[in-house]
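Scrolling down, you'll hit the structures one after another.
After this come two complexes, each holding subunit A, first together with subunit B and then together with subunit C.
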Partner chain A sequence: MTRQLAPWLAGALLLAAVPALVESPFAIHVCILVLMWTALGAAWNLLGGFAGQVSFGHASLFGVGAYTTIILYLRAGVAPWWGMPAGGLAAALVSLPVGLLCFRLRGPYFSLATLAVSELVKLVALNWESVTNGPVGYLITALPPLRLFGHAVDWESKTPFYVVAAALALAALAATALLRRARLGAYLVAIREDEEAAEAVGIDTVRAKVLTLALSAFVAGTAGGFYAFYFRYVDPDAVLGLSLSMEMVFIAVVGGLGTVGGPLVGAVFLTTVGEAVRERFPSGHLVFYGLFMMLVIRFLPEGIWGRARRLATGLQERALRHGAA
Partner chain B sequence: MWRIPKLGWTLSLLAALASPALAADTIKIGAPQPLTGADAPFGDKFRKAYAMAVEEINAAGGVHGRKLEVVIEDHMAKNALAATVAEKLITQARVLVLTGGRASGQAMEIASVAQRLKTPYLVDHPSADMITAKGFEWVFRNNPTGSIYPAAFDDFIAHYPGAMPKSAAVVYDNTLFGKTIAAAIKKHLAARHVPVVADEAYPVNTLDFKPIMTKVKGAKPDYLLLVAVSTTDAILLTRHAKEIGIAPRAFVGFGGGFGVADMATQLGPLAQNVFSSAAWSGNPNDPKVKAFYQKFHARYGIWPHEHEVEGYSGIYIIADALRRAHLTGNLQADREAIRQALASTDMTTVFGKVKFGSWTGPAGDHYTNQNVYSPEHSVLAQWRDGQLLNVWPKTYAETSLVFPEPLAEK
Partner chain C sequence: MEIFAQSVTSGVLTGVLYAMIGIGLTVVFGVMRIINLAHGEMVMLGMFGAFWGQALWHLDPFVSLLLWAPLMFVAGTLLYRLLLRKILPGGELNTLLYTAGLSLLVANLALFLWSGDYRTISLSYGASPLRVLGVSVSVPLALAFGLALALTAGLWLFLARTDLGRAIRATSQNGEAALLMGIDVEKVAVITFGMGTALAGAAGVLLAPSLYLYPTVGELLIVKCFVVVVLGGLGSVPGAIAGGVLLGVVESLGAVYVSSAYKDGIGFVLFLLVLLYRPAGLFGVGK
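The block that comes next holds the complex of A and B.
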């Protein structure tokens, strides 16, 4: 048990140390982005990595969370830190009918259905002006005051957002780890490998997939709430764009599908690689980003984390064999 | 063992001593723009405009004996990235002032960051009303807001003899820009008691407008008012409306789509006499503005439009404020000094007169630091034999206007 918990504790300590070690607010900002993407990659990975259900519409869940949080705050005065889980719940609620409808479809048909749903949600956000403010969107000009442990929280500094993002990412990764151990995790892997066989052994596949989608939606929606809380401006293009859905897929694939640490590795790599090449090649950086993606998919199809883990176990086995000989 | 840390200390001390000296060399202006992705051509227009303005100012001795430098960062037309690079420009590149942004969503994020980090931001192109309607005292805007765009059209129907529409059809795209302009048009029409007989929204890049136009034709509008940000939409709207036989007294196009040369090349005679309430790009009858157009064309081989004029003028507005600000080398104090200098701006650029103030816009927005001359920066142009020429108001007219449309139903 301690061996399982050790890496988590180490990770949490490392995350806790970052604000103390890093002075530059911009560097912390990049860390916050990495953590937000980790949570989003993990959300996608729950469904795409474990159950093999490739969704191209996760931006809609993210967007529902972002809108819920910002509308609750600006219209009803609910502070964003309560709005974030509410955004997660709203996204999970929206995902239920979507899941029940779309999971009747399989493979590419399911993927296309999620794409259609995300376009639908975007159209609703654009046109349901009384609720969403249409294409104008919502802007938070001031966050509510908050006192914690006798100190007023400084919303102009990055640290409070960093703490929230770190908690979110850790919770998303922990949820992945727990799911993998749980019965549902085994169901999902069975579904991924052979859906007919899974049904034949008595797994209620639609129920398993719908539950997983709801969990995934909760994480994505909470991350969307965090986006609204941190970036303070929500409009349909920003939180419901197709590129957002794609980036979640990339992070999960580059990191390693169906692994616990994959989304973290994917988010770190894609954010830092993206930022580094953008710095050096102001007008041609997307070419390098694309090249990097192609190289990863060609040479590391199981993702960076997946490959590293396989190499590590390979070394361990060799060491064991040598020890025996 | 001790040498290395000592060397490190010495180096960092040297660096600390050297950096203010280096910073004194140039005055940095930060500009988040889209350099890659679908919006990249626009980022490039601003890059050219900034480069020309900065070179001219530096050749004339710079500001306070220091040279200007524009640091452009790519935001790829993504809101989150716009916030990231704005933050980076303010905290890492230590720019004194921000400009640019290009589209409204990204400008909203930049304005929000600028306000929080107390750095002046001069908006040069983004037009969403909200940017200067949130009470941000660090955000200034030279260009007109979306709801100010139809000001020249309103002036035309009110003052040109016999131009008052008996009815109007309004067809617009469901983007922020399209909806803002349509709302402003409808507000003007309501104030003049003109009935809107058709009110149709469409998604950007619609391929077939015939169903919408069939409906519009049935309403027999006296004026057909079309809003399109996309060029293909502008072209197809006009083509399908004319093919279906809608013959109002005036076709009036609003938004970037109607102001592009493709309108004439692709539509040919169908574009003739179509009005375009396009973006303002300076008074073409002003010799100074003409000289700028010529100079820009001589240097880059393209004629400047609104983006280039706005970007170029923005740098001059910033340079003017920098000249009037007392710069001390303390970043925060200097930014505050520049903010105050911007607030007392009163000058003329190739874009037109500029003075920032708080006032109420045509759609009821309460602006802060919005150019008070914005309502004058609106013009109605007309397509004539493949050329787009200003026709209203008379002071900015390049030719006389054709109204009513000769082919209109009698």
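The block that comes next holds the complex of A and C.
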């Protein structure tokens, strides 16, 4: 038990130490992005990595969360920290009919259907002006005051956002670890390896997939809420673009599909290098993402974390064999 | 009635161009089981080819087709030989993700090189529309329609009548059996991919004078293209033609009678319905 908890405790301590060690606001900003993308990659990985259902439409779930949070705050005065979980719930609710519809399709057909649903959601956001404000979107000019432990939270500093993002990423990774050990996790792997066989042994595959999608949507929607909270700005291109869906896919694939640590590794790698390239020229990070995706599929299809784990187990086994001999 | 005739006409005209893009995607899928997510970027490259041809060398876009279509063919064969062939054994999902990466790379490289500005191509003969039987038609779109029709018919004859065309169809029906019959499946694959890329590029050149050009236009086109091939049945050439025309007409009627804002959405709804209820395509010929 302690052996399993040790890496989590170490990770949490490391995360807690970052704001004290790092001073530059830009570095903190990059850390926040890495953590947000870790949560998003983990959300996608629940469905894509464990159940093998490649969704090209996760931006729609992220967008529903972002819109819910910002609309609740601007129209009803609900503070964004309450709006975030509400965004997650809204995304999970939206995901139910989408899942029931799209999961009737298999393999690449499922992927194409999610792409179409996502484009539809974007179209609705662009045109349903009375709710979404159309292409203009929403802007938060001032965040509500909050007092915690007798101190007013300073929304101009990045530290409070860092704490929220770290909690979000840890929760998403913990959810992945728990899912992997749960019965549902075993169902999903069975579905990924052979859906007919999974059905034949009595797994309700549609139920398992819809449940996982809802969980994945909750995480993605909450992260969307965080996006609205941190960037204070939401419009259809910013939160519903196809490239957002693709970034989630890439982070999970580059890190390692169906692993717990994969999304973290993928997000650290892609986001930091991506931001460094974006500094030089805008949209450069997407060029880099595309190129890197091609290299990983070609030379490292199991992902960075997947390969590292395999190498580690290989070494352990060799050590055991030598010990026995 | 006049509005109806007008919108059906413009729907058919754009529909044939959609069909041309769809055919490229569908033959590649038929032969190699590759769903090429970068297909829209090939169309985008064709559009920019037409634009730069006119801007730099004063080449008429329709004349520049003679340059860009063969170039895109060569680019497609190289792309397949050097990059895609090594990915194929990894399975359908790997190629899907790989071409997704390629699509992002090409679109954003274009964005970097050419900026995100919306561009148009203006033609001296594009200003005043042609009037035929009370229906007005833009000259560039009519020209594009004619050339697309000719290219599609040529492709049809090639697939139906020549040995290579038969080999492509045979490989599409059953790759292993084709191999056993002595067909050089690898050669067929290279040529098919080159052909698919050339068709996409050519459609881009033809569409360029009638649409706005910007580097990420492929995103919109690829989704439409999927609608077209799924309507007709993935892997079927006649299906893609019917699907393209159907989508063109439905979109333009929808824009007039339902809502122009949701014009693109009508196609997606149709797409989902067909995927769910007729996954082999409306005509049941796909696989």
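Simple rule for what comes next: the second predicted complex is superposed on the first by the 309 of 325 C-alpha atoms of A that agree within 3 Å, B and C clash if a C-alpha of one lies under 4 Å from a C-alpha of the other, contacts with A are read in each partner's own complex, and residues count from 1 in each chain.
Heads up, the rule we're going with is that a contact is a pair of C-beta atoms (placed from the backbone, for glycine too) under 8 Å apart; a residue touches a chain by one contact, two chains touch by 3 or more.
Predicted model, so just to flag it, every value in this text is computed and none were measured.
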For the combined arrangement obtained by superposing on subunit A, do subunit B and subunit C clash, or do they fit? clash
Using the superposition on chain A described above, determine whether A:156 touches subunit B (first), subunit C (second), both, or neither. first
Would you sort A:25 into first (subunit B), second (subunit C), both or neither based on which partner it touches? first
Given the touch rule stated above, what does A:311 touch, subunit B (first), subunit C (second), both, or neither? neither
Subunit C versus subunit B, contacts on subunit A by residue: C
Based on the superposed arrangement, let me know which partner A:238 touches: subunit B (first), subunit C (second), both, or neither? first
Contact-wise, after the overlay, does A:117 reach subunit B, subunit C, both or neither (first, second, both, neither)? second
For A:286, select first, second, both or neither according to whether it touches subunit B, subunit C, the two together, or no partner. both
Please work out whether A:104 is in contact with subunit B alone, subunit C alone, both, or neither, and reply first, second, both or neither. second
Just subunit B (first), just subunit C (second), both, or neither: which does A:127 touch? both
Between 41-49, 59-67, 77-85 or 113-121, which run of subunit C pushes into subunit B after the superposition? 113-121
Subunit B and subunit C contact sites that coincide on subunit A, given as residue numbers: 123, 126-127, 243, 283-284, 286
Can you list the residues on subunit C that touch subunit A in the complex? 35, 83, 86-87, 90, 92-94, 96-98, 100-109, 111-112, 219, 223, 226-227, 230, 261-262, 264-265, 268-269, 271-272, 275-276, 279
What part of subunit A is in contact with subunit C in the complex they form? 52, 54, 56, 101, 104-105, 107-109, 111-113, 115-117, 119-120, 123-124, 126-127, 242-243, 246, 249-250, 253, 281, 283-284, 286-287, 289-294, 297-298, 301
Considering the complex alone, what residue numbers of subunit A touch subunit B? 24-26, 29-30, 33, 123, 126-127, 134-137, 139, 141, 156, 227, 231-233, 235, 237-238, 243, 278, 282-286
Note: in the complex, subunit B contacts subunit A through residues 35-37, 40, 72-74, 76, 78-80, 83-84, 87-88, 91-92, 105, 108-109, 112, 115-117, 128, 130, 134-136, 174-176, 179-180, 201, 203
